[in-house]
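Look at the two complexes coming up: chain A is in both, with chain B in one and chain C in the other.
Take a look at the complex of A and B:
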């Protein structure tokens, strides 16, 4: 049995902000879901199943919140799945939903990911003490900063590269009405003068803490044929995981990330990602992860990723734009951040990205990662259906 | 749902830990590791042979964020593996793995789940999964909510306290034959915990882990003498607010059973995830199980109820009955949420003899 092709026919996001005090958790997710259905010109009744994802339940203080959200997401009487794969969860959730369509279990699936970080405190949510286990260092930045320093040492990258990424992403966010941070007066000097948080990561090179949700309607060929707007087609998708810590782990360029990308490229018939892929929405919570992931994903040789960033290749008008939406550096509702990458990739190939739309976006990669650089989920979407 | 699939998928191995009242000397990973080794040994597979891995667990039970990452270390995910996790009972992890095998992306899957209820007060912990604005602030605990359901059943004339006591006694008697069960043999029916439920009507609080290997087509026949073929599997959710539900019925169970093809032919055995005696009454009615169907020969959740694994154990126990040739067509059920809010039904069969 060949797999059923999967199309994205509806995309919805909330305006991401630090605190959505005007809505409940249910109100937040319903807003994104409603927008995705409106985009697809479908109703709740057209949805066969709901797949929801979010990062740890401690971030809102609600255990398995999907139970309480069943009503708000029109899932009553339907199958509802809840995915949790750490920071990669937004991407994994979309892939689990896509799997239901690909396996012909369901025709049309609503998938959604969210985080309402203002309900709780993510840093302390990550820092519950467990006896005899290594605690996470103060927030995620403390965990990742040594990996960034290792990358700088290995590649010999000049220490300004991180600030270039942040300056680019925050400017891109100005063209994205849903982005959390809209820093109209941003300058490279301001980024470089911002306080050092975890050396070498400065305040302006760090993701914000956001409330937000993102939803997509995924459907089969028949559903895509009824779509009022051009669908985005899934050309490949994969997840890979490896342990958190072990002797021989490459924290700078994890094998799981390389394997995941290779699987996606194989499915999509991508020989040379740098040539065959037009743009990338990648999970960059700290600026330096752009050059690091460019190498891990095969867009640059080892130690060369920073040169793409430095020479402007990853700018909105560059040859390989990265994070046209402003990325995680501008918007970070943790559980949703991966799905926003997947959705923004789909928006580009559908030609629906608005002011940050690229002229050439035939094949775009969406990428997410999580845990201690150990969980990866990716998909490649295209403007044309897969050949088979 | 079974409509379009033309790839046969079976449970080929099942393993579980003993369910224990306390496991302070073991971490979740230490509890899980022997179970993983058990199912791999039964099939002769190594971690690297497995096409897809999926697990179910709860951060709230573990008391820490990303608790499943520690379990992944136990799996030995190196070289990197294709892997996913649901914040649900392992029965739903099995469902995700089943869809993965249906697509043809993998031929084998390892599914596992685990939960330790002993470190905290599980009755209080489960209040945190209620509507955080209108219900959770009142801290109605899981026994109190189940008692509402039990009283509704008694008021409707669907059962009475002696009948519930009978379910409890039968389950613990059957648990005597299950070496992994926590309650094996008669236990006093006890005083009221929350009226009309007595201690005997409630599940024991325990820690445990379970694992299943799935395989597709010929691969399943290579790995298992008598695979338990998944003829259908489906799950449905109901409204969260108890006030809008008829607690004496379980329409989501009935719909899932319909979609799984459970009503096409009678089953000989049913493993029901009914942590409270009264919930077995609801499920028997929704699933139209006759008196000739063996219900919970393992003792069910009344004999051992490791939260997050108890549903997967139902599928594992049902599959084991097929593996051993004791059953030809079995039904397995898993539940989640207050008063049976979300339900999964699977129908498994052995090859004709």
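Take a look at the complex of A and C:
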């Protein structure tokens, strides 16, 4: 028996900001969930199961927050699952929820991911004072910056590529009312003049720290037929993992990322992603990861990704727009960031992306990664249901 | 074989909490010696109050004051109170259904021995002398055989509401780095870097983890690596890290020690930061009492060819 096709019929986000002091964590997730249900014109009673994700419990220090969030998400008396795969968790949470629909375990599943960074300290949560170990020498960006330098060496990319990505994503964010950073006076010169934090990464090339939640309602064919607005259809979805550090690891273009993308393309019948996919919402926490992931995901040959960025291909009006929403560089509630990528991809194919809507968005990829390039999760969504 | 190391690991952090409307009213109430519950859709009064109905999922906002007296619904004896618990002497953990409430609140009951506790006993709140808008404003419960105290009529409207609290979290662990890392650390005390080779893929792991993450087999063969190595990639750190006494800018590098198949991380010194480059040959610089090399400095050898370290970035 073939899988049940999975449709996205409801999407909800909070307005992402540095601190939502007016709401509890429960109030924050509720807001996104309510908006997703409203979008689908469904009630709590229509939801069969809830799948929730966030980054490590240590971030906010609430152990197993799903226990206390069951009331806020209408999950009492229903199955509720928690997913955790570090920064990619928003993506893998959506895929776990999609699997429940595809396997016909449940008809309609509410999936949600969140982070309330104002109540947490991600830097602290990730650098515990482990006895006998050498203290962390460089901070968050210091983990990524050497990989960026390795990419620059390998590809011969000019120094300016990172600033082009940041300038593009911050301008795209101006068209997204839910984005955290709205830098109305952004210029390329300002990005390039921002302080060098972890050379080669500048301040303006790093992501902010946000409070936010994102929710989606996933449903089966029957649910999609009742949807008041056009659904987005899942054409392929996959997760892959590999150790954070091992001999032979390619931190610039991890094998797990390549394998994950290949699996999605195989499911969706994508022969040439550059030709067959219209746009990408990818997880770019530091600007240089755009060209790196363009290569890892097969949109460019090895060493060539930066040329797409430099020539404007990834701009909103380019041939392969990347991060139309402004991306992680403009909004980073860590646990939610992956789901925002997945949801923004779905918004595009539904034609519901508002001011940052693309004219041509028939097939859009949502991408997330986390845990030091340890976990990858991706889905491809389309405006039409899968064939077969 | 050297002794396997252990040491205490204390994880503590002051988390900030934004309370939202219901918890804000509840905690502000405690400051004012008022206990608030919330009216659920089925007519029950839930104490402590919740923001969303556990049956219908609807938003709950109707706050109702309940009495400071109540009945123990169940209990457990705590014979050895820990740091940060409500009382320093042995006490009973109790669930108390306050008069006017339909659900029970968890707190401590101050009684000298388990014989003094029973389900169904009457208790009342002992308020803390100084109250700030926190659950600890209820110091504990105490036995009470007087008349029920009628609740006031507060609906949760207070001046100067508590909007956020700081929740101090602390976890106490005993940490052990295990056999392989203990051996690595023991060798470091003799200023030698000893990794372990995977019997299957032959890769040398430094620091060793006791198992190869690729092959999933135990590693036991010890291999001394270094002392010199190659900077495979790096960044220049321009922001001062907390609790780290290093002047910025400094170079944080991935260093592949000679003979190792994985780069480790270290600081580069003895050369201006803007002259560090990929391929630079370096050696460790030790300081007295340091468990790890303080930093690495150039050996003066010619730079390594990119082809020799491109798999070790």
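By our rule, the second predicted complex is superposed on the first by the 380 of 388 C-alpha atoms of A that agree within 3 Å, B and C clash if a C-alpha of one lies under 4 Å from a C-alpha of the other, contacts with A are read in each partner's own complex, and residues count from 1 in each chain.
Convention: a contact is a pair of C-beta atoms (placed from the backbone, for glycine too) under 8 Å apart; a residue touches a chain by one contact, two chains touch by 3 or more.
The shown structure was predicted, so the numbers you read here are calculated from the model rather than taken from an experiment.
J.: Touching A:243 in the superposition: chain B (first), chain C (second), both, neither?
T.: both
J.: Looking at A:60, would you say it contacts chain B, chain C, both, or neither? Reply first, second, both or neither.
T.: In the superposition, A:60 touches chain B and chain C alike.
J.: Looking at the overlay, what does A:100 touch: chain B (first), chain C (second), both, or neither?
T.: Touch status of A:100: first partner only.
J.: Applying the document's definition of touch, where does A:76 land relative to chain B and chain C: first, second, both, or neither?
T.: both
J.: Should A:118 be classified as contacting the first partner (chain B), the second (chain C), both, or neither?
T.: Second partner only.
J.: Now for A:24: first (chain B), second (chain C), both, or neither, which partner does it touch?
T.: Both partners, chain B and chain C.
J.: Just which bits of chain A does chain B share with chain C as contact spots?
T.: 24, 58, 60-61, 70-71, 76, 125, 128, 130, 133, 243, 246
J.: In the complex formed with chain C, which residues of chain A make contact?
T.: So the residues of chain A touching chain C come out as 19-24, 26-27, 30, 44, 58, 60-61, 70-74, 76, 116, 118-121, 124-125, 128-139, 141-142, 145-150, 153-154, 195-201, 243, 245-248, 251-252.
J.: Quick check on the complex: what are the chain B residues that touch chain A?
T.: Contact set of chain B toward chain A: 1, 3-7, 53, 58-60, 63-66, 68-70, 72-73, 76-88, 92, 95-96, 99-100, 102-105, 125-126, 128-133, 136, 234-241, 251-252, 255, 336-338, 341-342.
J.: Quick one: which bits of chain A touch chain B in the complex? Just the residue numbers, please.
T.: It comes out as residues 1-3, 24-25, 55-71, 75-86, 92, 95-96, 99-100, 102-106, 125-126, 128, 130, 133, 238-244, 246, 254-256, 259-260, 263, 371-372, 374-375.
J.: Could you pull out which chain C residues touch chain A in their complex?
T.: 5, 7-11, 13, 15-23, 50-57, 59, 163-164, 167, 169, 175, 177, 181, 185, 198, 201, 203-205, 212-214, 232-239, 241, 243-244, 246, 249, 252-254, 261-262, 265-267, 278, 291-292, 306, 310-311, 313
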